[in-house]
Structures are given as structure tokens and as C-alpha cells.
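Encoded as C-alpha cells, the structure appears first; notes follow it.
For clarity, chains are labelled A, B and C in written order, and residue numbers in each chain start from 1.
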Amino acid sequence: MSLATLLVLADGRLPAGGHAHSGGLEAQVAAGRVGDLDDLAGFLRGKLRTSGLVAAAFAAAACRRPGEWAALDDGIDARTPSPALRKASRAQGRALLRAGRAMWPLPSVGREAHQPTALGILARAGGLGPGEAAVAAAHGVITGAASAAVRLLGLDPYAVHGLIARLAPDCDRIATEAARRADEPVDDLPAAGAPLLDIGAEHHATWEVRLFAS
Amino acid sequence: MPHDHAHGGAWPRPSDNYVPHVHGPDEPPHSHPDPGVDPHQPLAGGARALRVGIGGPVGSGKTALVAALCRALGTELRLAVVTNDIYTTEDADFLLRNGVLPAERIRAVETGCCPHTAIRDDISANLDAVEELEEALGPLDLVLVESGGDNLTATFSKGLIDRQIFVVDVAGGDKVPRKGGPGVTAADLLVINKTDLAPLVGADLSVMERDAKARRGDLPTVFLSLVEDRAAGPVAEWIRELVRL
Amino acid sequence: MRAVARIVAEADGRGGTRLAVLRGESPLLPRRTGGRGGGGVTVHLVGGAAGPLRGDDLRVEVAVGAGARLTVRSVAAQLVLPGRAGLPASRLDIRAEVAGTLCWLPEPLIAAAGCDHVTNTRVDIAEGGVVLWREDLVCGRHAEPSGTVRLSTTIRYAGSTLYRHDLSVGPDGRSAAVLGDFRALGALIAVPGLAEGFAPTDRAAVMPLAGPGVLATAVGEDIREVRAVLDPLRAAERPDDARAADRPANATAAERPADARAAERQAETATCG
């Protein structure tokens, strides 16, 4: 396993469409539920233990189980009741595969893979293991939303990165749990839901004016 | 390094004032836009649509130019538009309201508060939009990608577009071409827009022309007033030339 | 305390429904209620003891045969209490197999401060089955912190998993990604869909699932707010004529043209008693 390869995969500058997604933050900011650093900390912790755990587990499973990508994608569909979030996940999966094809030889994949599945596919192609796929997924879930918070709320970027540093151990813990469960049947993989993320994504998709795609 | 600019090649046809020249061995090392060498990859001849990026500061008239180009070219070319305005549907609505392009030929892309990122650093959402248009509409001749309003440093990635137009307006001040920045210096076509406003804002067009020339070498610059020329004649003609190649 | 309740509904062959099995033990006591009109039967779960409490292990099994219509409700909220420290979490397993029509519309589960509870739900719907499945949760009684509750729900349709959702609430960890400051949550899963939807707000949305079916979710300061949004929703009738067959089963009302909605309203009868 190459640490540098993991950094390449987890780099926020990877051109994989992430900058246009707020991870559900824009909707909660508009609803008045996230306005300062404490709110953001709560938002990120909740996101990490719900959609972060799910994304990490499916990325790890996709890395470990190359023959089961379609089944894993169905499992993500079943865990993503919001059509807006399914669309956002598939758009990011497509973007990730586009970037991945430029970096490593990728096996042929349906263009519409969900983001965690695509991340697992890239990790495998880059010679990484399920644990690395999981930590890249969990890290991406919080850093994407944190970066959106800097842009949306004008929060102090140092304070936000301080928060990300404090969340790093949680990220590791979530990724470890996700990787440990990567061999479980699809129905038994983590399914932690986040109702406000679902509702917020649906509401957000109806706005006339929005800055982020999701 | 001594070098000879008189390289051959189909692109571009040397402009009227281009003189092939050779640098002497005593000249210090330097670089400048080489008018004899196309900095771009060759256009994918016929395999896919020509992709033209239209960038420029907020309010310089990008969307109005896109609308004018749609009016001018919409009947002769198979055309589609991707818009990156921070408001998801506002620019698309502008085009629809003006009746210049049907809704299925327009895609809007959200940029997460970073319009330059979406056209330069991470072009995936725009590439998706272009490909979706090509898949939905069949073969196209031309896709216009309109950036969200940004500053003078915002340029398009060559991974996204084949050629780019940068739009500034005289109301932004006649010193804009002198300031330069990648948009002004490197765009394939610089459009100085709203010339009808020049007397009102005290802008000197000859200063702008001279500064643009100094910044851009032989890259073309056109003056435009969409009030007087609703079909954006010189820009439309520039695009026609590219499509014909 | 360990208890099992079992309810089996079958078509009676005359356009109605009969209860082939209806049995339980305290605290899970199913009682047939209501009249016999409309072709369906209604059963209420009557709590025979306090709880669930820590250490309880409860199981409800429901089967609805093809052509049968069953509605299950409860007479009161399920108040989950702490019980004796050191015992394992209280546990409620719900298993449903549905070939006909099942409306599962219990009162909310209330997570009293200090409780520790797990509800595991698995619903298997045969092709052509109709289900309206409601789960309401209140985090703590009035002005008390929430107890710990984990809800794990799996809904399968024709052998594929349609909806897989776990939710954990507890005294800590308020997050604007999960429930924020809201204390009440309701979810309604409808297969093949709902008769009418509503436009999303920042507190509620109707979501067409990837498979056939729809999820309506609402959060609120209290359960009344959630009920005001979800209670009016009704299941769509299973399309049984050619006119209805050409629209996607999981489309919400908002996505369909007005004339299709009107035709559907006309065709609709009360699915749940």
C-alpha cells in the first residue's frame, strides 16, 4: 500500500466534482440549523456517523469485492431514499471514474456508479485496500462539507481546519468499523440514515437559487 | 535560445501583420505568444462538437452574447449551451425568455461558489453537461460553455473547451485591457463589449485597442455593441470560421 | 419479559378477509376491532404491561395473504422505559410477509430518558403486494432528554431490498445532519406509492425510492406536527387496469399530469380502515 497514493485519492483538489457539492450543508444553512462553528461540528459529527459510515463501508466493500459492484450500488440505492441524493451520488461517482481513468487503468464500470462504489473501484485500481478506501470516503464526507461551510458561512478557515483535525480520530474509527464490515452481505452493511439530510436534499433540489449542486 | 517562428502547420493562417522572424544568438532567453504556432491541440475534426468557452467579469454581457450567438447561429449550426451562473436557472431562463434556444438545448451547472473552479480546476460537472447534451441531442456542431461571472484571472481549461472568448465591457473602465490577466492576454478572442456606452462612461476605445494589442500580440480583439448589432456579427463570424476548419 | 404475537390474515374467498391466526401474550395483545365492511379487517395491539423495559424481548409476526387486507394499529404510544440497569437493551422484532394489503399504523414509540431499546423491522412484500408502513419516534417525554433507541428497518419487494434504514437517537450528539433540535420524527413507506404527495419543505419530503415505492418523512417539534403532515397520506391503489399500467409505480403525484391524478382519485377507495 502506498501512502502517497492514498493522499492522491483523498486530495481535495482531485477533479472529481466535489467542489460543487455541499454534502447537504447548504440546505441546513438556509434552514437556520447551521450558522457557526459549533453547529458545523455537530453537523459533521452526525454526517460522519451516518452517511460517512455508509459511504466508508460501501467504498471498502467495492474495493474488496470487485464482482459485486452492481449489488453494492443497489444497496446504496436502498439506503438513499432521496432522489436528489441518489442523483448527486451518481454524478460524483461518474466524475470520480472520469478522474480515475486518467490516473490508473480502470476496469470497465457502468458510467452511473454511486460515489462510494466508484471510490472503492479507484482505490483498488490504485493498489489500495479496503481500509484506505474507507478512510478516504469518511475523510471526503467531512472535508467536502467543511469546505462548503467556509464558502457559505465565511467561517474562519483556520477554525474549520482545527475542527477537521479534531475529527480525524473519529474519521479513523468510522473507517475502521466500515472496513471491518466490508465482507458482510449487502443488507447487513451499515445503513445509518440521516433524516434531515434526506429532507434537506429534496427541499434544496426545488430551490430556484442555489450555489451547490447538493 | 535561437529559434525560428516560421513553423508551418495548418493553424493558424498567419495574420496580416505577422512577419516570420529569427532571433539572434545574443538575445536573452525569453518567451512570448508565438503567432506561428497553435498553442492548442488540434480540433477533433468532426468527431464531436466544437466547444467554445465564454468567460469574463460579472455584468460584462456574457449571457447577452450567448443569446446573440444563438440567434445568429441557431439556424445554421446544431447548437447547445451550458451555463455556469451561480443561479442555477437564471441564465437558462434568460435564454428561454428570449426565445433563442429551446430548453432541451440548455444545461445549467452549479459551481459551489467557485465559478473558476468549475471551468478550470475541476471541469467534471461541465464535461458531464456537455456529454449529456451530446447524448440527448445527437451530433452537435457547437457547444457554448458560459462561465459564471468571475474576475480577470478566470480562464477555461483546455480539457473542457477548444477555444475561449473573454468578454469585458467598456463600463468596467478602459484600463481593463492594460491590467491584463490570463483572460485578457490568452483568450482566443477578446470581446470589448458595450461600446455604445463608451461616451457615457468616458472610456477611450483607442486606448483599449492599443492596450489589447500590446497584451495579446496577434490574438484577435473585437469591439461589440449588442444594442447596435443584435447578432454579434464579428463574434459569430469568428465562430463560423472555426467550425468550418 | 418475552412475548410473541402473531397475526395471519387471509382472503375469505368472498371478497373479504378473515383472521386465520390472532394470538399474543402480555404485553403484546392483538384484538380485532372495527366493523367488517370494506373487505378488510383491523387489529389493535393492546399493551398488557408497561414498557418495553430493558431485558424485554418481544416479537410481532404478521402475514397477509394475497387478496387479504389488514390494518394494524395500537391503542397507545409505546413508551420505552429504562428498566433495571445491567440488563440488555429491550428488543422488538417485527416480521411481516405481505402478498395482499397491509397498513401498519401504530402509535409512536416514545424513547423515555434512560431507556435502551432496539426495534428490528423486516417486511417482505410479494410482487403485487400493497404496504403502508408507518414509524413514528419521539425523543424523550416532555422536556426530558432522549433515551437510546436504534431502529433498523428493511423493506424488501419481490426479493430485492427496496429500503434499508437504521436510525439511532440518544441523549447526546445533536446534529443538524440527523434530527437537529427536533424531537419527533415520522416515516411512512408506501408500496407501490402514495395517492397524493406534497412539495418538500425544510421539515418534510415525499421521496420516490429507487425501486417501487415512496418514503414520506417529516420532523417536528412534537409528534402533532409530524402527524399533521403524514396522517393525511393514503396509499395509491395497485394499478389493475391498462390505463394505470403505463405510469411508473413509484412516481409521486406531483410528477404525474393532473388528469392522471384525477383519474386515480376517482379510482381510489379507502385502502386502510
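Note that contacts are C-beta pairs under 8 Å (C-beta built on N, C-alpha and C of every residue); 3 or more make two chains touch, one makes a residue touch a chain.
If you're wondering where the values come from, they're calculated on a predicted model, not measured in any experiment.
Chemist: Measuring from the mean of all protein Cα atoms shown, which chain centre lies nearest?
Modeler: A
Chemist: More C-beta pairs touching across which pair, A-B or A-C?
Modeler: Top pair by contacting C-beta pairs is A-C.
Chemist: Averaged over CA atoms, how far is the centre of subunit B from the centre of subunit C? Could you give it in whole Å?
Modeler: The computed centroid separation for subunit B versus subunit C comes out at 57 Å.
Chemist: If you average the CA atoms of subunit A and of subunit B, how far apart do the two points sit, in angstrom?
Modeler: 35
Chemist: I'd like the Å distance between the centres of subunit A and subunit C, where a centre is the mean of that chain's Cα atoms.
Modeler: Averaging C-alpha atoms per chain gives centres 30 Å apart.
Chemist: Which bits of subunit B are touching subunit A when the two form their complex?
Modeler: Listed in rising order, the residues are 86-90, 109-114, 117-118, 121-125, 127-128.
Chemist: Which residues of subunit A touch subunit C in their complex?
Modeler: Checking each residue of subunit A against subunit C gives 24, 27-28, 30-31, 33-34, 39, 42-47, 49-51, 74-75, 77-83, 86, 186-187, 190-200, 202-203, 205-206.
Chemist: Along subunit C, where are the residues that touch subunit A in the complex?
Modeler: 152, 154, 160-168, 173-182, 185, 187, 199-211, 215, 217-219
Chemist: If we count contacts the way the header does, which residues on subunit A are in touch with subunit B in the complex?
Modeler: Against subunit B, subunit A makes touches at 13-22, 91, 94-95, 98-99, 148, 151-152, 207-213.
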